[in-house]
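For clarity, chains are labelled A, B, C, D, E, F and G in written order, and residue numbers in each chain start from 1.
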Amino acid sequence: MGEIINYWTFIYGPLAIFLVGVYGLLTQKNLFKLVISINIMDLGVNLYIIALGYMDNASAPIYTAKLAVTSSRFVDPVPQALVLTSIVISVAVTAFVLALVIKNYEKYNTLDLIKIKGIEND
Amino acid sequence: MKRFVSLFIISLTTWIFFTGSFNWQELVTGIAVSIVISFVTKTYFNFNILKFDLPVRLIKYLILYLPLLIYEMIKANIHMALIVLNPKLPLNSGIVKNKTDLKNEISKLLLANSITLTPGTLTVDIDEDNLYIHTVDVDMVKDDRTITSEFEKTIKGVFE
Amino acid sequence: MKKFWAIITVLLILFFLGSGLIPDLKIYKQNNLSQKTGKVYLNRTVNDDSPFKEIDKKLYGEANDVENNAANSVTSVIVDYRALDTLGEVTVLFLAITGVIALLGKSKKNNRILFEKPNYILNASSKILLPLIVLFGFYIFIHGHITPGGGFQGGTIVAASVLMMYFAQNNYKLKNNRMKVLESFSGLSFLIFGLLGIFIMGDFLQNFLELGIMGKLFSGGLIPIIYILVGLKVSAELSNVVYEFMGEE
Amino acid sequence: MTISYLIITAGIMSAIIYLVSKFNWKAGTILQTLTFLIIGYFLYHNGDYSSSQLAIFNNISLNFTYSYFNEIFLYLGISVMIIVSLFSIDGIKNYQYKPVYNFLTTLIFMSILGVFGAADFITLFIFWELMTWVSFFLISMGKKYSKKAALLFLFMSMIAAYLMITGIFLIDNAVGGITFSNLINNYGSISYSLKFKILMLFVLAGLIKGGVYPLHIWMRTSYSESPDSFTSILSGILMKFGFYLIYLIGLFFPVAFILKNNPSKLISELPSSTFFAYLAGISIIIGTIAAILQNDAKKLIAFSSVSHAGYILLAFTYGTSMAFAGGVTHILVHALTALGMFLSIGAVYFRTGTTKIDELGGLIKNMPLTFTTYLVSIISLAGIPPLFGFVSKWMIYQSLIINGSYFLAFAAFFGSIGSFMYVFRPLAGVFLGQRPKKFENVKEVPFFMKAGMLIVTILTVLFGVLPGLVLKPIISMQQSIGIEPIKASLYRLFSGLTTLDMLVVFTVFGAGFILALIIFLLFAKPTRVKQHEQYTAGEIVPELQTQPSIYHYAKNYYKPFSRIFDKFPSMEKLYKKGAEYLSSSFGVIEEFFYEESINGYIWLISITFLVIIAIRWF
Amino acid sequence: MITYIYWLLIISGVLLAVLRIILGPKLEDRIASLDGINVIITGAIVLLASTFNNSLYLDVALIYAVLAFLETVVISRIIEKNKELK
Amino acid sequence: MIIVGKILILIGSIFLFLGGLGIFRMPDVYNRLQAGTKATTLGFMTLTLGVGFMHPSWFLKCIVIIIFIAFTNPVSSSVLAKSAYRRGVNPRKVDKK
Amino acid sequence: MINEPVLLIVIPLFAGFLIPIIYLISKKAIKYIPIIAVFYNLFVLIRLIQINSTSLSYFTTGGYKVPFGINLIFNSQIGIILFAINLLALIALIFFLKKEFHLVNSFAYTLGFIIAISAVNGMVLTGDLFNLFVFMELAAIAGYIIATHKRGYYPSFLYVIISTFGSLLFLLGTITIYNVSGTLNMASVSENLVDVSPHFIVVLSVMFIVALSSESELLPLNAWVPKVYEKTSITGSIFFGSVLSTAALFAVIKVLVLVFKGGYEYLFNSLTIIGLATLLIGEFVAFKQRNVRKIVAYSSIAQAGLIISAVSVSLKNGTITDSIFNAAMFQLLNNIFAKGLILLGVGLLGYYSFEKLKGIAGKKKFASILITIGVLSIIGMPPFAGFWSKFFLIKSLIANKMIIFVAIFLASAIFEVYYYLRFIQNMYYEEFDSKIKINQISAVSYFLMISLSFMIIYIGFNPSSVMKTISDIFTGGII
């Protein structure tokens, strides 16, 4: 039972969030919603990273005087570091792509994918 | 210069609170950071704490104002809790205008915040010397000093 | 109908991904950290001969023979072991922001949100909050190596204070040229410290300073310096974004 | 002198000739002729079979050989080049870039030595490609649309090159080396299917170069658009590169290997030889018909080349000793006759500036030698005794008759009949009939051009009378391979059925001709008609003065005939249609993969993802 | 045991406020709820520090508090300017 | 000390809960702010103070946080209230009488 | 003099960080910084190529030993590939500064470009999976900016979405790999990736196939390529066509070689099929285009497909280098110059559609000849460089009995020859439309084109020495 819950937390949960984003990309026609979908995927990936770094009964990997005495376990610092990098990068990309959405709107006066494609092909 | 020093003192004090230690490394860094920040933000800071009697006032303030505030806050919350927990939700709310004699910006701000944190009142806005306050029970407000007067005295004593 | 198929597709992918990854999750949950790079990062024994060995001495406050003395292992990873990533990450942010400004900066000029009336309370409180928030931001990135904070968080807070000022005071204007200089300066310093690492020790971004005592502010060698630079850079960058969106020419 | 030295010499001389031509183009051209002559002399003088090497790039060395199997081709190449060069001493007067032309033709000479003298496939390929390049530039130096033609030539050559290089690597991989000797020694160890692949690759490459239907599409434009003297090289030699390749891979190697063990299995060893035989038949027919329909003398000859390429292929696919020899002989025949025709047409162009049949006429009086050359060439080409062409056709027919194939016999017959139709037309249109006013003062071409044409004429007649001159090396080639050689003496040929004595034939035909001449001179009562009145029976037609060409009797010469083939699909149109069709169907692919919305792309990605996983999963 | 009570109270407080965000009905209501939630969550982080016995979470709480304050202020000001936002 | 801390935390939690309940139950935005701000601020302060009592070494920092929240929370509420007012949300009057 | 490959990343970054300050002083002065930086890069590269041997060495960063720190991999062959990439970057840069600097936002574009060079170098050099992700993102962001240079907002958006999709999958895979192998160092991943279930490998492989297909221009994630190529500036097209695509392909190959080198037959089989499909579809679609940029875009896609399929064929049996692999690397190198030359040349002529390029060779003889050299090289005409890559590829494929592969390759090559020659025909032999304005081409531009042609011809005449210099890139000290 505990195993199953673990799987759900560590694999299916984040992946499901990731795939909600994919679903958005599959069905949404609005540029803005596509960006949101990408962000949902981002969230899923980041959660996945954190989840894989998680361990039971372990604390944040920061040495403090107290911890040194009790010598309790630390979680893996690598995923935490990676997720920070990943978040910053995804924030940067999101900022840029939102600016692009705005420019697309200024240029085509619509955010509908199909309409923009139509205008683009003319 | 006065602003700078005021700001520096505030910053350094805050730093010490943040770090919670008097380790020399932290202090040195704190001083350096405080100097930088004071220098950068002094233009926007027009509050002078360099008054000779400030420590005295501050103690007075702590003794007089803080208990008052806490008392009022607890009262406010119990009052609020009673309303919230009452199934009938007994409300009689509205916005009223109250006067203040405070001139200093900080003082007015403190007044407004204090009011917001106390029974059934919420400061919505301030103009020259009026406060617009939302109250849960408008009938409680007798005149245009009812809400402000309690805190005004204390704040005036400390900051003006 | 399309949505139906989308759901089916997504569920199928979920099935394959999930069930493909599960068996090995089990394996690696059991011996979780012992065979991972993370272990040697935690123990600061990368350059030790047997990297996976457990160090049993208490690190805090006494260990001086570890590779870096940053109490926060995540910071160790970010700013020391994998500092090149961080350099890239800082640059990603820098470039993305440049791009955003290039795309929108011009068209958004003169569009500043000016309020008919300033909010008195906000205006007054912002004057007190500005130095305190900036101080707090500085505190965060200065202590990045011993607390959970770091350059990005601290920088964000500093820039947030600029945002607050724009919303609180109608006549506030950021001196963005100074910010640009700060941004460049901190970026360049990052690189220069990295290059000094090559000159002095032989490797890019290799530490050449005293490590200090773990948990103290002056510890971790280059780590706090780099993180402060990152903090300054992020502060300046994000402030510039605020400026570009809020400021007027 | 080994071939490698000769090639180096040719290479060096190309630069010298270029420089000399810059100074004085005539001197340069003469130097070129002398160079070719001397190189030819050296090859002949040190006539022992030999092989040699030449190191070029870091680790590629070129191998050459002068041997029984290639000597005849080498001499053919050198002779053609000598004749063309001689012709060019006067013939290139009107060309724009004479030094470059001389330079490039010298390089062509070099590539001929390289291709025919190669002892391994890479060497062959390198000189083949050199030839492609030089030809590309030479073709594009020609007329208005020459560049387009050059491009088409390049495209087809590229395809041929790809096929060839693949075949070369297959050989390399199969026998561990690319030298001919290696292949001969290890031919037996190659599996049947691999042999088939190699054969198909090389034969296809060869057919493209040789201009066999339906891969002939580059020939028509290349022939008609390139400079005239180059056209003669193109059809005289370069086209033969293709057949040399087929000869090597399809014939020589199987022959060399199989006949050592089991002489009777030659044909069966050539997979799909029937297919190629039929292809050859089709090529003959189509080439003939198309040639008949052409209005431009050069295009006409180009299509005749398609038809004759068919003959060569037909002979090769038959693979008997006689057909083999016939094929090789026909290569020589076609080289000589094509040379003669192109040189004479070139001579006409040199003086008149056109090759359009219906713009010309009546030049027999002005240019008698040119006329003679053309006449001798076409008679030879049509396979009429007693000229050289008759010999090769006789050999091919003999094998056809022995093996009996109705369609092929019909094709060969049709080709011969057709030959009469198309070769006669330029003869009539250019040299006979009305002479347009502007050509009244046309003179015979200068000395060196005449000399070139004269040599061709003489050789055509000489080889016709004494075929043994060329059959001797072929026989010795066959002997050294180990095939039972054909039986032939200096002027006699023996097939299983009959004996051909060319001397007798020549005497009979010569006697007949003289008899006819006497009868003509004694008894004919010709009425002289002014040249321009013959067509209108004395009636004055006003348009005749302004547009004489529409009343030219060569105009719509084979109109009724061409009407039959009006609706017939042209291969070129077919290719064009095919390309259009491909283009539109590729449009669908583009729509699917690159013109979707973002959702569409993500669908594509997701499905790819699923498919790849699912295939492996279950 | 008492820890569970703390968390039960805090989490139900958050949930109630979240419910208000969902129910609205006005934009202002949602922002007000968000503001409240933020304070509760800040408190929760402080409590987390106590539970994990790790003072580092206090910094996190403070960061959260700063950002939450700015969030409310900025959103309020924006909707004040753009009255058409609903 | 620990006991005091625990009790303070309990009280704080209760107020935080009441804040949430107030936000949920109150009829309009002003009243929600009233409930949200007051109850949550006090709850937060009490809770944090309790934590500070439980871990004396953190006390100073807890005070900083308390001051910060006590200072900013009314401000933000006020800003939101004013903006709501400017947007034309009228305070609802519920008359008992 | 320090000889660390990391300088190739640091120097352009340094220039990039310097630009904002300089920009405050003088808006024109920022022109010179990137040029100096790339020149210096080339200088450093020459030095590095000289002192490094052909065996693969790992350069540590931060003083942390392999495989725990982030390592850069370098040897003289990688140096040469990098040199070509940087050279093309320099050419694009010079062209940009001369011609396109004033067009839009010169600041952001210059910055984007110089940082892109840093990112591209990082992609080629890094030996760490996550670091590769960071550099890929950095290059991608630079790419997004460059893609918007001519207001191509929609293509850029498309590019962002597709590329982000790819990089998220890559991240997912990278983290999964870290979780099971405990390391991010490419070479050591492959050693630790044992005892995992076959399903796991399948999922992981597919994740990587799809993830890497975006930057390497493989199906199914390459839809952005033609759109972006079409709508960007000349500099942008060279950047995408020669600089970014090469680096990305190299990075992908690096991941395949270092991470998946042994026993992932299914991965390589799938990649071969995908690569060949990409090749065919790319050539088919290019066949129908009548716009040179689109032609180059699709042919670039096709080339990527070819290279990837050749590489995966050569990796299938677990051996890292063999002749097919080397031929693919040779092809990679050749493409840099040929594509760069065509894109630059056509960009200089100023028109992309066949309609407008009709007969332009008559007016712009020299430029047309130079373009033609590029085209002939791409279609594999001897003696240009491209011929030899086809030569080596066919030779090695046949030596490995990949007859079907060769057949597909040859079929696609014929399409390629056809449409490129059609382009040449259009340029040379059609009637020039006198309404079309002819652009002046400056001496600098000619110089750039000539230097590219020179490279093509040089390789064409020294194929085996060049081949020898870049072959066996990944042999040597793999830990």
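Definition applied: contacts are C-beta pairs under 8 Å (C-beta built on N, C-alpha and C of every residue); 3 or more make two chains touch, one makes a residue touch a chain.
All values derive from a computational prediction rather than experimental measurement.
Considering every other chain in turn, the ones in contact with both chain A and chain F prove to be C, E. Chain centres were defined as the mean of their Cα atoms; on that basis the chain farthest from chain G turns out to be B.
Overall, the chain located most centrally, as judged by its C-alpha mean against the mean of all protein C-alpha atoms, is G. Among the remaining chains, D is positioned farthest from chain F, on the basis of C-alpha centroids.
In terms of their C-alpha centroids, the spacing between chain D and chain G amounts to 44 Å. Note: centroid distance chain E to chain F, computed from Cα atoms, is 10 Å. Per-chain CA centroids place chain A at a distance of 22 Å from chain E. Once the centre of each chain is set as its mean CA position, chain B and chain G turn out to be 62 Å apart. The residues of chain C that reach two or more other chains are 9-10, 13, 16-17, 20-21, 25, 36-39, 41, 82, 85, 89, 92, 95-96, 99, 103, 119, 121-122, 125, 128, 132, 136, 143, 147-148, listed in rising order. Residues of chain A found to touch two or more other chains are 22, 25-27, 34, 52, 60, 62, 64, 67, 78-79, 82, 85, 89, 92-93, 96, 100, 103, 117.
Of all residues in chain G, those that touch two or more other chains are 130, 134, 137, 141, 144-145, 148, 161, 165, 176, 178-179, 184, 199, 202-203.
For chain C in complex with chain D, the residues that touch the partner chain are 9-10, 12-13, 16, 20.
The part of chain F that touches chain B in the complex is made up of residues 15, 18, 21-22, 25-28, 30-31, 33-35, 37-39, 41-42, 57-61, 63-64, 70-71, 74-75, 77-78, 81-82, 85, 91-96. Contact residues on chain A toward chain D in their complex (touch as defined above): 22, 25-29, 34, 113-114, 117, 121. Residues of chain D touching chain C in their complex: 603, 606-607, 609-610, 613-614, 617.
Taken in their complex, chain A has these residues touching chain C: 3, 6-7, 10-12, 15-16, 19-20, 22-23, 26-27, 52-53, 55, 60-65, 67-69, 71, 73-74, 76-82, 84-85, 88-89, 91-93, 95-96, 98-100, 102-103, 106.
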